[in-house]
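The next part holds the structures, each set out as structure tokens.
After this come two complexes, each holding chain A, first together with chain B and then together with chain C.
This part shows the complex of A and B:
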């Protein structure tokens, strides 16, 4: 402030910003990207460490030895599942009861906003079954959850078997201080959402559930298990939850510690642990893992059933058994021991997990990047917008003082457009956003009546149509106002658009860094460069490349590339269409914020920039 | 006042006379009674420590006496009863009535407090055992080995003192001290699914004699036949007598072993009661109790929430009223206008309501309601609250563990399904005092719901340092620049023309103290 109140310094600074604006912007952008690429390097990504005292060491003697029993449960369950043609509720209740658990069932129904074609469901009816192991001499104030989805086909039978075997083992122990809930949820995430809403007695979505529920107090942590083979080669851990929320890093550390203790191979994002050393391949490997995590987090899609727990401040992860062609296999006893160890450690918790980080990126399971270190990358990208806005602001204010002088001279310059000129483009852009948000789902019936498409196709196609139409509509809006066609007009509009974008991305990055960073990396160059006077075609292409929809398409290709399963153009397009429908469903079913953010925030903002480009 | 201490423990006797206590009820409980799985509790107590006391009308400063009493009891029972203060003490108006002789029930003489976080362990059991006339050296008390008692699912010990009539004519008053211990053993985990038990298996002790001071020393074993099937279970050794009683609206049969009868120890020197089930029980569903309840916190986030209580009346055709007592600490700010009571989809208006709002850091919320429960119904009571921000020194250790809300208390006269005949007081004094029934058709039940654990917004406790640094920096920067702006003199600046040479010249002139060009 002292610096700014000194007129000399201020002038020098403003001159610097004005003269060196483009190089500064370029430098800042490159610095941002460079910083991000440097994140997997060891100095920025230190080793993980356990912060919670109560889980400090893995000094637990695991005594679980019921691998065979787990397999027999799994086979029995598979038989009953086949016979019942779905979830064998009665058998599950009986089995859990005979294990000495307090059994409850929770039937639920739900109608999706439009049919989900990938999973073939529209009107969903299901039942969750869960058994509560009541901890002796505890008063049901705290609980832990072990959940297994009951998937169609032969999936996850072994997970259920292992869960029942663990329940049998846990029931015989005296040391439990927290109740343990063994949950079998039907229709994966839908069942989980229904159960969580019923447990917390709230109604966020339109799930209807009935029946009296047994409760066990505040849930402290949850582990979701997915396992479809009798032996596994590795365990993959899913961390990203709904809206990119992450569990406390200590839970992940706990898993990692027990994997190491039992000699299990554990992976994250399906990637093996990073090779040791500072070699280039090690760096590339870490970067790939990190990028996969960023992409997964940005999508806001829960990676596994644990993702919905995080909203309720319940730390949760999904463990997925992988059976590949590697040589070393682990049986269910080893997995059971790992889980037993984790549950005993969680049982020791005095407080909720809060010591470690909630915001982090993982270049591998043993290294993490904390929020303080990855935020600068985003900050540099946003700085571009700020610099550009500052530049425009100073140009505009200089013009104003110039005008004022001329007015004193009695010379009437060009008529100054007021802020009123900004209203039509702003209104039109946001109206387009609203249409994008509401019309696809509301208009599906009209669309199916008039065109030969199914509801799900209708929704996705309407979405694309409105999106593309939005680009054609608004850029003539300013003509409604006289005197809008000046240079000042577009500069003011661009200034507003830049600040609006910076504000949106800044807020977003606090909630979901990955999404904020990806959008910033794609939208910022176009937003900074756009002007009606430049090479129109080039800028147009840049701007279209920066639109969120194209970003989505590109990230799909990038993700498949990183997973070492590159997608062709056709397949990519199909995935893109699927992702659009999925995004809408995620919003309506679980309250994901990605779709409303893009439709109501980012897209209108992008349309404002498009307006600037088409300014006449 | 207590005049002699042959049987009555001196510590308690002197306490009663010194502080003007008319009735005292203290329960220390570890665990929660699972009404659904274990049936109606014989004597329920809330998790943690519960203390309620009626004082004599002669006591002038009840609060002072209460404070002193809780501190002394804390010393006697090695429990943290000294944490009872005005923030967790309430004066209920309807839920707790004197159980002994009383003339007048001015509820200002009553104090009630629960400490839900209290952990009960051996150090509380030992002083409790010492109050017995024979200690744990003889009689039934030899079974009370701490290592076995705490290898259980539920443990509750209580002390009740009340004045009673000395004889039928009731001309003189005696003090009654009753010590109760309720333990639930988990046969499932220890017996591989079998439900057989014996005294030795549970307590790793057997009974050898009665306490020489005792006038009565009996073991009752519930052998009530279920579903009219008599031969389901077998008790060894066979009992000399069988006692039938109606307990909590249900007909029960008890095998009685009288330790004072010499024939008991004729065959073997010790008594080891064993119970065996003749065939494995498939689904021994206990009859669902007529009155049971569930309480939970709903909602998520750290700002607002809702306390919901579900009260079930499973009686097929009779409605009955229930008194609900809720004590909520001040740091949950209850919104009374959000109180809703819904039964069968319709609003249920309480016929009596007593609400005392909390005062910050002084007293808790107290909510007492008389609610009519229709037959075969579920009543849902919800009230919303907001979480207060505590001062950062007010957080207890482990603040992220959460804060406990004590159990709410349900008191009701539950109509019984079996017709009850008036039990002869003289014949079985124990049962009539343990399970009193006001008339033939109903019995009294006091039920406690689960305690709740609520998370309050907690600051990062390493933060004060950061906050101090940050505020100092901000203040310094702001102050510096404001001072700069306020003290600076502004004047219109001449547009400066000239390049490097002139600037250099100006710098030199500045050093010389000459006005610049």
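This part shows the complex of A and C:
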């Protein structure tokens, strides 16, 4: 500890922190942002490579040729779906049985906390149907899953057809070492969650399902397929899962390798791949893709049905067939061949995928940024908070030793800055956070009685109301205690708020880097700059711009901009309200952490900073 | 404990399973109290707090008396008036100590988890109370109980002996006969009570297998479940070959610091006891947060050292950050499967480094204050410039 114990060094360091504080903070912030923007460039984004030995090459002979059969299954399914008005359970069971699979059905019910726009009722009932293809010469200890969502209307019929054709083809092969589960889930994520919970026999959400379920051992990997057209121009992959968890990079590498083998055009984030090069358009394209991934990961919303598998340590991705106005189209046979190849390679796995990265960012399908290279960007942002905190601490201890030397004939209580004056603001801010967390859902009935709105709207509007009301809270409680209302009071409060924010963002960045980074990038400047002695209006505007709700609004606009479908103000506002409702619903249904974190963690912290600004 | 009780009820030795490693007295205690387990742990925490309160109250009186004596003997330099402690400032310290212990999040977590560390803390707190009150017999008995339960409080024998010698005004010189006489008395009290407790355990269970199960387990560290200590990762990575050597090295590390600290801190045995408890809780083979809560409860007693502490801000930030990152990285490792044990051990290492730096900071501050007291606060070199104090 020579650096910290040598008095000369200490004095030099403290002088550095005190005098050059603002320039250092600015530099650190710009460095953090700059590092992030530099991530798509080649030195920081190496090419992807396959790390798992068992999935090394794509040397597999695919013999799938049942494209026509897939189409005919799709038509039959469409017809039966229309007739049944929902999921044609009986037809599915019959067909899977005739293919030689071991069929099971799982009815489930779920009570929503509030009915959202799509479902419009509290209770959701559905059925999952799945067939297990038992491996002919192996014991059923491991399994792979191919899942297809059963969507209302004409969506995903071809996906089901392809799945059944694949099942028929797979049934005739002898090389399967793992069981394959062909799952059709109803109500998208709800059905998937119900199935996963029943399969693993745990109770995370309050889904109730009945019936004894057939199992096939531990699931090693899962692929979710979405296909709504007879031919596709490209295959899009969705990687982000619940709470921003990502599958092992090897699964993505596998997908990319097989698409290249079969000549299939594969995309990520819906963006076509640009040719490599050091040009500005290529960089802009990579940056766009990276930003789309960051925004998707930050929302914590699963990109497809695969998102819920990741929680159970099952690597999964979603493949989406896209039919756009391009010339070259691929039929179902090519798609089937790709899937067959992927499944054969996954069949070779000896252990769970663990060799490759779990934390990464993708500027394109063939390049990735690993955690060691993107964390410094976040580190620089947090450094700003730490520098400011050190600066405040040193100012506080200098002021205190100044006081202590003048009155030596008795200490006034604690040698530390008065901690008791901090308690009212902390309690009030956290109470506001608790209100924000509990009241919207609990108070929806009261709200619908008094106002002419539906429950979903009531919940969202209550949320916004409590959020704005937090800003108008009386912040003068600190004056009741002695020691508050002075300069030291707000400095101590700001110190605590900065450390609290840094702590929360640090813990968050480990779990969901994108969310942590976005919140840091927006909240850090406001947090570092806020002081009651400066230009209040300007700082107030800065702080309001940094609040998580405004960040959400801005990121919605940014996302639409990046997807090349810019949204107008009205549409953006509607999307914003929808996102709020969705976030709440996801928390109650799947255990997403975005909403509790923002309500119980980021919002109280922001209120503390608002408190500092309004200090008198 | 529950498994041990179940095995005992079946008539089998509770140590035949691999999970139970507590002493027979604990198992008999819980035999009667298992229904009220939560209440038991709450009561032990309250007892610890009360014991610490009374101990520190007495200790403050002793400190003040000693300070008065030294002032009268003119041992202090003339300009150290602001370093002298007044009864007014020391008035609330016992209450703060009790509150520090009860409201510490670590204590709360320990109580909720119903960890038997709470009982350990109670016994050590009573030992401290008995030592400070001056009763050699009770102090020896409680120390024997503490050692019986987890081997490491053996090292607390030295500070307790030093304190009792000081209290009896026996000078600590190796040639003095009264010193050896008193030490032998205290040591024999301690050893006899230890032997009595061990024999009692033998008669309770009619077998000696609690000795390898309890003490062999603590010393040889066979179970490598991750905890907040330093042992598990090391021994998980090590070859079988070397594990005996490293087990010896790690265990000696815990006991090793007693002798140098005894030489340096022989005038201040209670501070020595604090440092020793801290060292035990950092370096023992299976530490828990309850051990940390115990030594942190003492921090208000040294609050007068605050002006000499150099890195308290950074250290407290490091400790808080690490405590919060523990569950996050545990989740990432065990539940999400995205991290591995290296992440978790990194936080363990940082946390332990933070604790070690905290203790050494307090140590340095304490010695610095002593130096200032005897040599004056405003020191100048021969040529009039401000000197630098170096800890040698």
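In the analysis below, the second predicted complex is superposed on the first by the 599 of 616 C-alpha atoms of A that agree within 3 Å, B and C clash if a C-alpha of one lies under 4 Å from a C-alpha of the other, contacts with A are read in each partner's own complex, and residues count from 1 in each chain.
By definition in this document, a contact is a pair of C-beta atoms (placed from the backbone, for glycine too) under 8 Å apart; a residue touches a chain by one contact, two chains touch by 3 or more.
Since the model is a prediction, treat every value here as computed from it, not as a measurement.
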Touching partner for A:506 - first (chain B), second (chain C), both, neither: second
A:174 touches, of chain B and chain C: first, second, both or neither? first
Contacts of A:201 with chain B and chain C, given as first, second, both or neither: first
First, second, both or neither for A:138, with chain B first and chain C second: first
Which superposed partner A:359 touches (first chain B, second chain C, both, neither): second
First, second, both or neither for A:311, with chain B first and chain C second: both
Partner chain in contact with A:351 - chain B first, chain C second, else both or neither: first
Partner chain(s) touched by A:419 [first = chain B, second = chain C, both, neither]: neither
Footprint overlap on chain A, comparing chain B with chain C: 1, 5, 7, 311, 313, 352, 354
Footprint of chain C on chain A - complex, ascending: 1, 4-5, 7, 10, 245-246, 310-311, 313, 352, 354, 358-359, 389-390, 393, 401, 404, 408, 410-411, 414-416, 499, 503, 506-507, 510-511
Contacting residues of chain A [partner chain B, same complex]: 1-2, 5, 7, 97-98, 100, 102, 134, 136-142, 171-174, 200-202, 212, 214-215, 217-218, 311-313, 350-352, 354
Sites on chain B touched by chain A in the complex: 30-32, 34, 36-37, 47-48, 116, 150-155, 186, 188-189, 193, 283, 294, 296-302, 306, 308, 310, 378, 398-402, 404, 450-455, 458, 477-478, 480-481, 484-485, 488, 493
In the complex, chain C residues that touch chain A: 81-82, 86, 88-89, 303-304, 306-307, 310-311, 313-314, 317, 320-321, 324-325, 328-329, 331-332, 335-339, 357, 360, 364, 388
